[in-house]
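Below you'll find the structures, each written out as structure tokens.
Each of the next two complexes has chain A plus one more chain, namely chain B in the first and chain C in the second.
Coming up: the complex of A and B.
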């Protein structure tokens, strides 16, 4: 690469280091408590999935009936882990992209604690039987104002930082992140006001709820993950984004198409007949932004294959972007009226699609960001190469199993449900059995790796990481330090890391 | 380290090499990063474009299923009937319990054949036509009831009162029709026998009727008493079993 491509000065480095330092506690707070919620969510997911094939499991405990555990699993995943990981990444990336230190750490941390309190009360509310029964909005009604106000107190700061940024080019990551920051309140307030405050047709309420779920994926988690990937891919590889035109195309197609998607879940319900078909078509068209962003980031990453194999951040991002392309293909494949769509409405397939989006795409990308950001904000390197490797393998294979098995098993299960002459026990339940069993085992493996991820992260927050100028890379070396060449330990001597 | 250690240790005197060393040590990760000034502009591969094109074609096909968009008549399906299950072929209308299905068939026959004399409430008129509600001949042995319907009745009815002669109702009656109407009358108008006269039993009743010694004449109370005081032969069917409402055949898959 020509040196004209780069411009790194000591002032740049000091600025970056200052920004990272200013955000140490907010970022580590959101990531660590998010990782704890992720482990809780997956534990609940294991129980919920086990009940599909082993209904008598924990049958005596009313707190752990399927109707409570499953919503608690999804809500902990979305609001406990997903949103908090997004907070951490948006805060850090916006500060880096606008080249300004964060000055509202106290407010953000306070609001972050309130957010966690809201999520905790919400999950306890669901488990104690006070859930609302609206998918992804099961928290008791008191929770949503708490969440939206703490969201505002946290996410107004990246917005302000963007307003006071230095003049100049606005990079594509910033577009995505800012869009997500604005779109979430729109989606969340719209859905909650329609469902909790206004008296409308209950059928349309189900439609609003279906739209909300789709919008959470495609108007919040997707732009956050794409903004992250567009930052990490060029940053870690040292190569420019493959095609900046394609990046803009991906952004605008997402912005235009995604708000239409979602109502296909209500196909066949007596709501205005065209709504489900518009939703189905829009979801299928989301293949375009998914392919644009997926191909663009993957081509950028693949331009530097050695870095890909050694960098944990890049490996996770690559897995996330691969899942994104799969997600785009699934969005087409699962929404064909008359063939696959009726089979996905009430079966494991819908769950598989959600997990592919929330875990395969969003969460894996967030893991990539975590492995990149944490050494910078803590100024310590990751402790163990082996833990990262285990985390990577378990997460990627686990996700593939959960999502793809749920999608294909759900198609069979849905087919049996559609055939009303087949009894449930020998039809749908029997068809779902082996797939549900596989999902339980896969979630258990993911849970195992994520508990270690949480512990690893906690050590890093306590600044117990390695004090070294050499990153923890996923390289294999015979003999010597498992972390590769040791580099210079802090306070030992002058560095030579360039 | 640079050799200029002779300088006084003033705050504003920065040793560049030392400062750089400190930066690299304390913010090693940030120092590894490079600021990329260029944006790539590689051509978009034809494979990506054609994959997107295929996705858009599918999206168009999905929209195509929605019919005319804002024509109100197409916003909902009038008289929508659920399509048959995939692979289920001509599975027909939804199954009903045997009692319901037979009664539904019988109700039509009753309206066509019996209504005129016995009335829509089956109470008769007390003078020329007897009541069927609560009649022991309706509620009792099924063969006796079937013989009256098939051959008509002469002389006193169950109450002892002699009404006019009831003509035979056998003309045009299929076994399904007979089974339906018997089941209907025995289980409606306040009658609650609770059993189902199957098509098989109705067929047997027609055979018995044809083999009577006085075939073609209406039966009398004495003949009923002598020859037909029994249940019709044939296997009884559980009234709650699911059957096809058209063919009255049990739906096999529903009883695993």
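Coming up: the complex of A and C.
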């Protein structure tokens, strides 16, 4: 893909091919089951959003009442898709960067099945009316030990691989991924132990929950996506990272600021006064690491514009990094105490912010990684350029609509909430309607493209992809193949090396 | 940077914040000192004991399981954080017959009996902190607040004033059974097929009992009541 790296030796090529082969099933398992959960989550999201403007839809079915479908939608998105996509990417990137084959495929696959079982039982638990009522932690209480043990069985291997890596420079992606691997259990165990195992003030329980939601975004999904982007951007363009100092600065500002964020969601609730202020200030300051990483990766990508337009991996990564900068700006703009915070605290803006983070930033970057990794681990090329293009357009425009409509619609909705001169029933209660309608339509479009993404991935896992020695590029051509001649890639060659 | 330095680094940056915003506040708030009445400000002495009647724990579970917290909040923010107190019926009763204006912001004692404060994440519906103060003002002649709430839970749009409500119906909290003769005690005043009646199930009963415990009308010590002058908000 990048001509700059052709001075690799046959040994390198064999090593990479070996790493890719060792990880074929874990990576494909996590990506494919993740994509299936993503489709399920979006389907639930469509139903939930439709019920906001059409309350009699499926009203007789207790499983699909709004109060159960919405939490099922969020939890399936986070634990079904988000975490599993992260597993796939962390496993593969760590193996490639530490130059070691994965030797624990059986354990990882077994734990992966247990993780999926936990998520399935959790989602069924929510839908059957056994949710805990704590946002993003609605899975019934039995689920969290299952999830954390299977997490440990999966994520201990990248950690061990890092420990036994060959001497030498450690690239920024590895620091980001390693930090995410350590932060997640710390955050997840803290939240679950404090909320499920310890008696405490009900208010601080709500506070810890708000902190947990913020930490999941900024201390797990953000570092995973940034580690990925810092790998893909220089790798695919064949150019060095724009500023390596800025990359390190971005990492440490994230590490210092993000753990303080989150409790601004409880502004005005009777918890110690400094907590919401610290949370609001920290969330706003997250603009710094977001802008540092966003600008750094985008400058790297834009140094090679031709590749950007033809590589699906780069297109998705660019969209993800664009969303990251928007997310940083939204973090400042939505959390100003005294002006925007009262309007966004209890309006659609919060949902818009979460979707911008989880979908616009994290998921789009993961799609980029998927389009890069899957042909390498399956040794087959993507079947259809058109499917990739459709997936890109629907995902990007769909996300823009969901997130921006929710963020700006939420500001207006929050404005009516704050307008106490109008009765609630004729003012604020009516204001979410048009935005909810738009969100439903956009989710439906995203759902459409993701069903095809899932099918495309499944075909690739079955090794039904094209046997070609050329990458799938999004270039337009009349007749013939844009990839050059089809060839057999089962022989080690330069094209399978990178 | 070695792995050791790295782990120490992120343990320090994360650990300090973790202690400062999660662990220490959690344990401090667990042992909240009791609030006391002050002779000069309150006209009485002694320890303030939050009182709350109803099936709080069981009802809160039904509230959580059916996701009420996704559209309803339970917090009346101080005026620096929002305009909740200026609404005439959110923070309490603006014109209580004996005590005058009883509106006040939420105190830490208001979630008595609950394990998790359902502060809420969105307001697609109104705040419920003082629901039990408002419901009696909605009920028709001969109807109890329970009747109104059951009807609302069964189908919000069956109440004429709420014909365009977007609140979900929860018919699964009720049971439909054959009716013999006149309607039995507690049967809902809703349209059903002939020969049938709708009665609240155990979950509906717990939830309604919980909802009717949502009223902050107990006099609190002045030290907990920062209610500002509310004249500008009367309407």
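The working rule: the second predicted complex is superposed on the first by the 469 of 498 C-alpha atoms of A that agree within 3 Å, B and C clash if a C-alpha of one lies under 4 Å from a C-alpha of the other, contacts with A are read in each partner's own complex, and residues count from 1 in each chain.
One rule holds in what follows: a residue touches a chain if its C-beta (ideal position, glycine included) is under 8 Å from a C-beta of that chain, and two chains touch if they have at least 3 such contacts.
As the structure is a prediction and not an experimental result, all values here were calculated from the model.
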First (chain B), second (chain C), both or neither touched by A:241: first
Which of chain B and chain C A:468 touches, first, second, both or neither: first
Touched partner set for A:347, first chain B, second chain C, both or neither: second
First (chain B), second (chain C), both or neither touched by A:338: both
Touching partner for A:92 - first (chain B), second (chain C), both, neither: neither
Contacts of A:62 with chain B and chain C, given as first, second, both or neither: second
Touching partner for A:17 - first (chain B), second (chain C), both, neither: first
Touched partner set for A:270, first chain B, second chain C, both or neither: both
Which superposed partner A:415 touches (first chain B, second chain C, both, neither): first
Chain A residues contacted in one complex by chain B, in the other by chain C: 270, 272, 276, 278, 337-338, 418-421, 425
Residue ranges of chain C touching chain A (in the complex, touch as defined): 1, 3, 6-7, 9-10, 13-14, 16-18, 20-22, 25-30, 32, 60-61, 63-71, 73, 75, 77-78, 80-84, 86-87, 105-108, 110-111, 114-126, 156-157, 161-162, 165-172, 233, 235
Chain C-touching residues of chain A, taken from the complex the two chains share: 51-53, 55-56, 59-60, 62, 65-68, 70-71, 129-135, 162-163, 170, 175, 178-179, 182-183, 186, 190, 194-195, 198-209, 211, 219, 252, 255-256, 259-260, 262-263, 265-272, 275-276, 278-279, 337-338, 341-342, 345-348, 350-351, 417-421, 424-425, 428-429, 432-433
Interfacial residue positions of chain A with respect to chain B in the complex: 4-8, 10, 12-14, 16-17, 20, 234-235, 238-246, 270, 272-274, 276-278, 280-282, 284-285, 287-288, 291-292, 295, 299-300, 328, 332, 335-338, 375-376, 379, 381, 415, 418-423, 425-426, 468-471, 487-488, 490-491, 494-495, 497-498
Residues of chain B touching chain A in the complex: 1, 17, 19-21, 23-45, 48, 51-52, 55-56, 58-63, 65-67, 69-70, 74-77, 85-88, 91, 94-95, 251, 253-254, 256
